[in-house]
Amino acid sequence: MFDRDDLKGIIPPIATPLTPSEEVDVAGMRRLVDYVLDAGVHGLFVLGATGEFAYLRDRERVRAIETAVEAANGRVPVMAGISDAGTKQVIEHCLAARRAGADFVACMAPYYSTLRQPWIYEHFRAIACETGAPLLLYNVPPVATPIEPETIARLAEIENVVGMKDSGDFIHIQDVLFRTRGRDFRMLSGLEYHLVAALQIGARGGTPSPSNIWPQVYVEMYDKTISGKVEEAFALQERSNRFVDLLDAIPSWTSTVKAALHLMGICGPTVAAPAPSLSIEEADLLRAHLARYHLL
Amino acid sequence: MFDRDDLKGIIPPIATPLTPSEEVDVAGMRRLVDYVLDAGVHGLFVLGATGEFAYLRDRERVRAIETAVEAANGRVPVMAGISDAGTKQVIEHCLAARRAGADFVACMAPYYSTLRQPWIYEHFRAIACETGAPLLLYNVPPVATPIEPETIARLAEIENVVGMKDSGDFIHIQDVLFRTRGRDFRMLSGLEYHLVAALQIGARGGTPSPSNIWPQVYVEMYDKTISGKVEEAFALQERSNRFVDLLDAIPSWTSTVKAALHLMGICGPTVAAPAPSLSIEEADLLRAHLARYHLL
Amino acid sequence: MFDRDDLKGIIPPIATPLTPSEEVDVAGMRRLVDYVLDAGVHGLFVLGATGEFAYLRDRERVRAIETAVEAANGRVPVMAGISDAGTKQVIEHCLAARRAGADFVACMAPYYSTLRQPWIYEHFRAIACETGAPLLLYNVPPVATPIEPETIARLAEIENVVGMKDSGDFIHIQDVLFRTRGRDFRMLSGLEYHLVAALQIGARGGTPSPSNIWPQVYVEMYDKTISGKVEEAFALQERSNRFVDLLDAIPSWTSTVKAALHLMGICGPTVAAPAPSLSIEEADLLRAHLARYHLL
Amino acid sequence: MFDRDDLKGIIPPIATPLTPSEEVDVAGMRRLVDYVLDAGVHGLFVLGATGEFAYLRDRERVRAIETAVEAANGRVPVMAGISDAGTKQVIEHCLAARRAGADFVACMAPYYSTLRQPWIYEHFRAIACETGAPLLLYNVPPVATPIEPETIARLAEIENVVGMKDSGDFIHIQDVLFRTRGRDFRMLSGLEYHLVAALQIGARGGTPSPSNIWPQVYVEMYDKTISGKVEEAFALQERSNRFVDLLDAIPSWTSTVKAALHLMGICGPTVAAPAPSLSIEEADLLRAHLARYHLL
């Protein structure tokens, strides 16, 4: 139903609301999906790093995708994370994600070990070719070995490798865009701090993690950029960067996102262990930050 | 049947022989267990890093433990790796490992994310307390956040935290020994390069990965050290270190171990993807190294 | 004669041509200055990293600045590197550089040790206040501890801290620009790979090291960018980035720059030890690259 | 007068007492030399990292060596640091150090840049051969590129390369000892945390930086170790390691050493900028630590 032309705009890497026993909180996830869709986002990325994919048992992974798909209800495309340490595991996650209704799948380089580029190429090639799923590469150093632009350019020649989420630096994004020009390969910027600049050089959109909490500013930033109002876009970039600086000073990003969503009435604060709950002092600080930005 | 007093000597972190479709090769694992037990090793560590734990699907993890337990047949204790990214997952692996017959379990700090020491403490505390299993901490920087000696000393106060496998440096091992003196806490040296020195300051044994291939030299090194023949022990240390240097020059340690076991007639060379097979040139080089050390 | 408004455009961090005994080759440096000025560059940066400042004895540092100043002969401003490990040493270099005729001085954070931000602030404050020289901060991680944007913003309040050369990533440059907006603080991009994008968000110029060899492409890139021909500017960015990739594959950047200048007839190939000379194979490869880009 | 057989025992890398204007405090250095010699140390290492060599101007480097030589007055050998970024600079420092009376010189790999092993070999070879001075290699990662054991073994073949100070880890020290066995190459352990273990495997002595403050414990540790009282030696190792942990929690090691020497009445607290003075809170904490260990 959706194709690669729909990979654009703001695609929040949504948190996975959890019950106290770390099962998917279906009602919470529906509220989160509605919150970001009401703000005008253009897609959903479920089971990214913010979605705590690495901590969820297989059955919860599937439930998270199913819930997001049902909640999106065809309004926007749903991209599902399928990352794991081994190729076989990823292929199983990929098939499960497609059965659960994901429009696209996105995969990191294996994050447990340091890999050489030919092994990384072969990893993605096997996934793309054995599943046929519309695949996005997900570059996220230093969590996983960086995928070099030359490797990406070679992978972009495979029909169902439709694009990437690049959380590498600006020079990496620029180099991938240079090397894939003319191909039907969609770039999404993973880092929210340089979103406007990335859009200006050819990225089609971005997956800013803080858009779980403040989707409005990123949607407006995107709209301003593509309509040529660059100065206004950069003013929003600066404003949101300062907001993220405040939140980032609290240890454990996923815990902070969940605590914010809890304060905003969307879902409970549970994160998968070993990530910690916020302390009372941290939660008070977070509440003040959210209030200051009119998010409460 | 076995208790913490049995945590001593050479405990190979055995490879997990695999069929071409990446299922556990039961006959191969039995041959490997017999090979190292015939050489006189004092225990088995299944599903460590050399055992490719991170790449195996849950059912294969269980099968690997069951096979090792059956093959050991009560002759030596079996320690099983239960590492994963999240606390809940580890607890599930732990219960499964105990059901499969493991005498001890060993667990890394979560390897996907960078954690603060109190979160690491809580991770291990939860595993120890919710399962009651005889647990070894497994320190393996930089794969996982280092577990600081103070954290280890606090964890050593928990009854069923019986010891650790420390692949940190010599100063780390020494500091843990200083801080746990008087406790019933068993230290195993993870790094084979300083095994003799670690034994001299109080380690009870070691888990040298190359003992999959050359268990004899490590058993002899251990025997010489504990019987006070230190000069002979260091001569073996030097000799085996040079051997490991040669193998280590080939990329992908697990692939090299499997290829060596294949050349030695113990199991097939299959490693879990994305780890690569050795090239023909690398395999020829490996064969020459093994021949030079009389292992073929 | 020159003031901060002249800090703009392409300012090559020129190599320091050396005689075989590692003294400044005055005639060679004059030829290099003429070569880049003929190509239209807007300033000179002498004794940066490419200028091998760290390897030169004090008397050669002074001679390099004097030679560049004489050769420039008032046509463009001359900025001189004054970096060293200690504050006192830097102040001596600064006074010597001003006596030698430098219009501006530029200084790294001390590169021998890891410093906290308040110590870095105090280092630069002391240099600025005790010398009164027009000072540029020089951010060059990981060679030196990164200077954080907050520290830079505080330093920018000092009258004679006129700007910076930022070899940090794009997000760092953007953040400094956000935080110094409204101040008379001039940003020069240190990294040549993202020069166009840096100019687009407010950098006044750049100090691309490869402009020693190929100044023309950077001058044209700058002209296209400031005259709004962005697509043409990015085409030049891509072309020059590929050129730099080729040269960068040869170990030791300063040796490669000197060898290129030697092949181009500008100066001898001597680099200060312990940097090595290029091997014959590397020199042949370099010659082929230069020929392919019509630089011979 | 002294030869390589005198390279043994505890050789403090002495601080360089400074006047408020960062010139060598001659009287202070004499008091420091007397303090450590009275405690029984076996040599002096002037202008090491603790001696703030990198921050001192050339004339102060020479004065520091002259002062130490005069103060030692032939009682123990004096080793002088000659490290710098470039080979030519080091050779000048070396000749000056010998003129100033140093018995031995010690040199790091160049610390400004990352070097390949053959360049490091050539750096040390040039220094040894062009000066003829009795040279110690000084391995100090990550401040400088690590000198690999193979490189050290090749350098040990040069007549006047008499030994090394190794601040690498235990495995590095052990490997150098393995590879230089049979040569007249003296190993000093740079890291105080594993001094006893290093002596046990063949190091001739050590250069513990905390022996500026507490020389007695290291002298006793050395004596116990070489007289076979290993258990007592390890008890002192543990006790001194805990002491160092306390001091190490205060930022800036050299500032802490100077502040301690000031509290002990030996010299002023001045460190070369940009290193900071201790805050009042830090100084109070330090005073308490010193009192607890009966050093005040």
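We just call them A, B, C and D in the order they show up, numbering each chain from 1.
The rule is short, and it goes like this: a residue touches a chain if its C-beta (ideal position, glycine included) is under 8 Å from a C-beta of that chain, and two chains touch if they have at least 3 such contacts.
Everything quoted here is computed from the prediction, not taken from an experiment.
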Relative to subunit D, which chain's C-alpha centre is the most remote?
A
Please tell me the distance, in whole Å, between the geometric centres of subunit A and subunit C computed from their C-alpha atoms.
38
Subunit B and subunit C, separation of their C-alpha mean positions in angstrom:
50
Interface hub residues of subunit C, defined as touching at least two other chains:
none
Pairwise touch network: line, ring, star, complete, or other:
ring
In the complex, subunit D residues that touch subunit B:
169-171, 174-175, 178, 191, 193-194, 197, 200-201, 234, 237-238, 241
Give the list of subunit B residues in touch with subunit A in this complex.
22, 54-58, 85-89, 92, 110-113, 115-116, 118-120, 122-123, 126, 143, 251, 272-276
